[in-house]
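Two complexes are shown next, each including subunit A; its partner changes from subunit B in the first to subunit C in the second.
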Partner chain A sequence: MSVLVEKADLSLKYISHYNKVKEILFEGSSYVLNDVRNRAFQDFIIQGIPTQKNENYKYTNLNPRFLPDFEFVHHKENNNVDIKTVFRCDVPQLNLEPRLIFNGWYHRISNESLNLPEGVILCSLAEIANNNPDLIKEYYGKIAKTDSDSMVALNTAYAKDGYFLYIPKNVIVEKPIQLINFLQAETDTFVTQRNLIIIEQGASTNLIFCDHTLNLNNYLNNSVTEIFVGENANLDYYTLQNQHNRTSSINSVFIQQERDSVATTHTYSLHGGLIRNNLKFVLNGENAEANMYGMAFLDRKQHIDNFTQIIHAKPNCQSNQVYKNVLDGESTGAFSGMIHVVRDAQNTNAFQQNNNLLLTDEAKMQTKPQLIIDADDVKCSHGATVGQIDEEAMFYLRARGIDEDKARLMMMNAFAHDVVRKIKVEALGNRIDELVEKRLNGEIARCHECAYNCEM
Partner chain B sequence: MLSIKNLYASVEGQEILKGINLEIKPGEVHAIMGPNGSGKSTLANVLAGKDDYEITADEITFLGENLLDKSPETRAKDGLFLSFQYPVEIPGVPMVNFIKTAVNEHRKHRGEKELTAGEFLKLMRKKMELVELKTKLTNRSVNEGFSGGEKKKNEIFQMAMLEPKLAILDETDSGLDIDALKTVANGVNALKSPETSSIVITHYQRLLDYIVPDFVHVLYHGKIVKSGGKELAFELEEKGYDWIKKENGN
Partner chain C sequence: MEEKDRIINDVTQSEYKYGFVTDIETDIIETGLNENVIRIISAKKNEPEFMLEFRLNAFRKWQKMKMPDWAYLKIPPIDFQKISYYAAPKTEAKYESLDEVDPDLLDTFNKLGIPVEEQKHLAGVAVDIVMDSVSVKTTFKDTLAEKGIIFCSFSDAVKEHPELIKKYLGQAVPVADNYFSALNSAVFSDGSFCYIPKGVRCPMELSTYFRINAANTGQFERTLIIADDDSYVSYLEGCTAPMRDENQLHAAVVAIITMDRAEVKYSTVQNWYPGNKEGVGGVYNFVTKRGICRGVSSKISWTQVETGSAITWKYPSCILLGDNSVGEFNSVAVTNNYQQADTGSKMIHIGKNTKSTIISKGISAGKSNNSYRGLVKVMPGAKNSRNFSQCDSLLLNDTCGAHTFPYIDVQNKSSIVEHEATTSKIGEDQIFYCNQRGIDTETAIGMIVNGYAKEVLNKLPMEFAVEAQKLLQISLEGSVG
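Up next, the complex of A and B:
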């Protein structure tokens, strides 16, 4: 059987599956989700599962990840999840009441005290879509286009739930909001999660999104998050990716910013089999500022692909990107960062940096900046490095009595440092520092994931 | 303290040290002088354990133990200190964290308890005063953004913190103005004791006005071609290196 036929079969498998479960997908879902469902699936059929011939997926082969016979989670599982029994976030002083997403479905935790300022809504997407479709219909599917990425199309076709966050005009949410995303199932599972965040004019929030996988099945997690940041609003969006080696995570985040807003993403990829992060910013108003910070640690045969696009659609905006990767073992990574300055987006200031540290001869990194500049008064700069640990610096540390392993760790921490220090939530910053150190020490495998990782 | 017998070192097939012999006893200060490219820094790096070199020697012992078998960190913890000619900037490694780790590694090696944060800060303040290091170290990365003079003072400060038995000062005077030179020399002298020794590598005699050597050696083309007392330094200052070059067939 030729490879081509195999691939076609693979897409066919999903096509026949969709047709089989279509009724279940429509059933109980709001018209807001259902109205775009079939169209999205048509877009998926046209595009198929991306191959490496697709320029945007050149460095990541998703096809093998779609091979397992996945179960889909079309219903909210009726397990009364007690978060304390499955997970306890022990970040000191963070002291949040985390909300839980379980295989793509938002769960209310028993005794959940919604300790949020008045008017703020944090709930299930399915719930808000059914109860208050007017609130979301102008936003849902607006920036996550199904005709330009088949994974977004597939997500939109299968979308039933996820979380919804709404911060009304001028409301400042002081305490960070934490969401924990769990994958746990009896069999290999395909998880679709669809999230929507609306931050109105002058509002502000910190959102921490943590991933955890609880047992050793193959998971494919295809999530899409659309985020709207209103005029003069402020968002810090933290993602901690910490999943085992049999998890493939395709994580697409779309952010549209209006004038004078500031949005910052912090993406920490601590562990995962395959991680593809699609991140697209549209700067849709003047004086908007977008910051993207990313830090990934990989070992064994792990793979990460950070694919960013930033559209400077209006003049006088700023964007900053700093992505760093530490690659050990036979891990592979890719960074592709596109900056598009549209016509008349004058006085744009765009900066992009990607630094990579290869710890072995087998680790590989691909890095590709792309600048498309259609305005004439812009400042764009980009830089990429791929290298090893500075041996002169290593010798300096060792010559002061610091042993080789510790010196190497200090150097790796130093490499991560200028991304980590961008974290504004202090307790989280300290924890990330710790996690980074643990990860670099190889200790993270001794967390609850350990039993799984050793087999891989 | 240190005994070097017939040391050869080469890098990528090129021989740099060609049979060095040197004996250093406790309490002694040895100056090593010589023109550029004579192998002075190579000697310092080889002793500190840099592994860029192919090394052969009949014997190198430090405090009676074979030096070449040991890693750079073990040599440091045994009491060998290299003040770098070009201290490396290490962005992201906090200066205080670095020196604290170094001090505690030394203490562990000696079977002593690690210093508490309070004890460490007290010690640090004391030693900073000793070498007149006025640079703010907290929230700074190792050597990052330090001026040339600050970097050299920082080396002597680290030496003061680690209290080595043998200090190798590799062109600690280069890039220093006369005031900074005096300060650095005062720091070195304050750390001197009958049990500690130093090797002072320099081009110029002027440092030796402040750090007075017991012996002066001239290194040329990878060999010690002349040894003498401190008066040899004056002779070199007066006559330059040309006569050495002539004597040794250029």
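Up next, the complex of A and C:
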């Protein structure tokens, strides 16, 4: 009984906080964001913080993660961040000029060069919502439904800022766009980030999104990203998750694709206390193609939960999912992937694969691949395996004079490489391969020279 | 094709038309469910005190439970107070001779190749007292008794072997395991009890006997099979003939316990009334089947062919407790018209070096929904465990659905779990190939479906397999155009 009370209390904290800061939330925000705020809040009250009784959160207990006495960031902090001093992205040959998101707020860097093609907008969501609400009102909150996931509801209720990316019709952005999401605060902090990406007809872009924490406080990052991929458009969306063990990251990404479009997501989880990736694709036009790749390397008590849903709403679409996890220490992994082919979405090709390696007896893996098929002319398959390294392959390597540890490393590297090779930005792919190898060698994979010790 | 379809439908409906309803004259108690009803059931069956306690305990737990809603099924609300929980087995014959029986029904029997004597029994024709079945039954009893095998109705077992019942009842399926098993524990009418002593290999498949004996055990049956060290038994449940049953709700419990090196093979063919073409009527089938491999190197294998029932909710499972124990699940589930099936298996690996295999073949036609739902759980202590699951679904038209919901939970590093699932329709090239060789489309589909299900059908005892094969064909007749 006491547990129940505790849980109710937990949601109450976030509910009462909303009432307390309501004015701040509404103040200065565009009507696009404010119009849905109260409704989202109602939806959150109804659903509360999901418990493990909720089928969608069966494998991830979020409740302890909501316990710390968080500070909330409801306005932009006025620290002039110089990216060069806090962070140096050392991916060789990538040479990007990353944009910053600081505790959920988009920060314009003073010397931000505008070398993006004409018409492309990359700015803060709050800014675009205030300056040009007509551009986003059609899209905001359209696919991130607040009544089906309380984390989306909570995000929508608290949302103030995040990034906004707009690629107009037929514009091809050759160079990848990099965004770096920092968490840095004096105290334990709850961060809400709301992003929106609109890629119009025939446009194309690569987006690299990196997560970092800069000090050792407890963080809870609840972010929602809505992505609209227009007809014949192309998107590659890379996420690198590299946060310390006291961070909880709940990422909900919603992608809607129109006909002939191709969208690919790559999620690399290298470090993080608790990572929950919700990824929902809606294939809303014929001949669309969706690819989802994910890889996680976890140890200690880290936890990852990749929760994917793909809705084949129109015929002749293709989807592809490959998720691989290597679990060391006492880490726990979960994968839940649902492919839903709606009635009359004929000629669907849907493929899903989830492979997991458990390196210790304390590591655990739970996987739940699901198919809901309501059309008949489809080819759908899924496969899931949990196990260890193939002994025969090991033997092959050992027979050729490679010692056991090295052979094991080679095998694990190959296991991960299957996903890494899908990366189209070569410099990034090489970098991740390198990080994986470092990680396998027992070094901590850090993607920048960060002074903080992630081991805590 | 339409003609055959009509026959099937007529057959399935005719039962109701001709009033195959429970004869009110038989021993039946008022509808409703309360403690008093349970006491009446227990008293009517002259049960000892411990059984009444068991039932009441289950009932009290059931009252606190809620009907599960997680299955991918649309279950109309069931009013448990509108059901009569006790009806003594009907002994009265409905017909004097086979000539009075609906010819369409006989036609179906013939298609299935059911012997005339058995047809009489199934159709409810009065059987001659010296008819084979009775003598067969006695011969069986003698052979079995010689070996020390106990095989009797559950009620008899309660009276004659209370010590065994006391020891094993509720061990594999605890009273409050789930909503329907709790309901069954409270009100179960009868069922079968089977005990195979140490080192005994049951000389026959416990089938014919069961088929003739246990056709009317009622809607809440309970089966308990115990295989002691080094024993073996193959047990067949159900019948390939269309079982017309006026009961809407079936909640059965089957429990198997195997000791060291024992093996139990349990095969089911379920062909209850699936409702008519519009989805009206039909049996709701909520079954809890569970086996515990208690001993080392013991084995339980479930094989099922599910073609009937409007709603099927059934997850035969194995708890692999003993080291080196083996669990198997083989299933063919066919749904047509408005049938819904949510079925699969659970394999819980607890002992070391345990192995399990799940083979599930789903075939959907008409407007039906067919789901596989399964759990493979490997506990931390189950070192070197191995599971392989394969779930294939075949869709025969664009109005049906096939779904897969596997859950995999692995908690140690030395175990290997593999799962794969595919969903597809029959290849046009395959049908073309058959057509080209003078085989019409309907037959071709029958052949392809049978080939598809062969892997599972092969696991059935021979004579059962032949019938099951025909049954598949009949179930799908008219479903493909």
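Basically, the second predicted complex is superposed on the first by the 440 of 456 C-alpha atoms of A that agree within 3 Å, B and C clash if a C-alpha of one lies under 4 Å from a C-alpha of the other, contacts with A are read in each partner's own complex, and residues count from 1 in each chain.
One rule holds for everything that comes next: contacts are C-beta pairs under 8 Å (C-beta built on N, C-alpha and C of every residue); 3 or more make two chains touch, one makes a residue touch a chain.
All of these numbers come straight from a predicted model, not from anything done at the bench.
By the touch criterion defined above, A:402 lies against subunit B but remains apart from subunit C after alignment on the C-alpha atoms of chain A. By the document's definition of touching, of the two partners only subunit C reaches A:365; subunit B does not. Of the two partner chains placed by the overlay, only subunit B lies in contact with A:393; subunit C stays clear of it. When the two complexes are overlaid on their common chain A, residue A:379 makes contact with subunit C while staying clear of subunit B.
Legend: residue contacts after superposition of the two complexes on their common chain; A:417 is shown touching subunit B, with no touch to subunit C. Considering which of subunit B and subunit C touches more of subunit A, the answer is C.
In the superposed pair of complexes, A:297 makes contact with neither subunit B nor subunit C. Across the superposed pair, subunit B and subunit C touch subunit A at no common residue.
Taken in their complex, subunit C has these residues touching subunit A: 70, 72, 378, 380, 383, 393, 395-425.
For subunit A in complex with subunit C, the touching residues are 55, 343-344, 346, 356, 358-361, 363-388. Within the complex formed with subunit B, the residues of subunit A that make contact are 390, 392-393, 395-404, 406-407, 410-411, 413-418. Per the touch definition, subunit B reaches subunit A in the complex via residues 48-50, 71-73, 75-77, 82, 84, 87-88, 90-93, 97-99, 101-102, 105-106, 109, 141-142, 158, 162.
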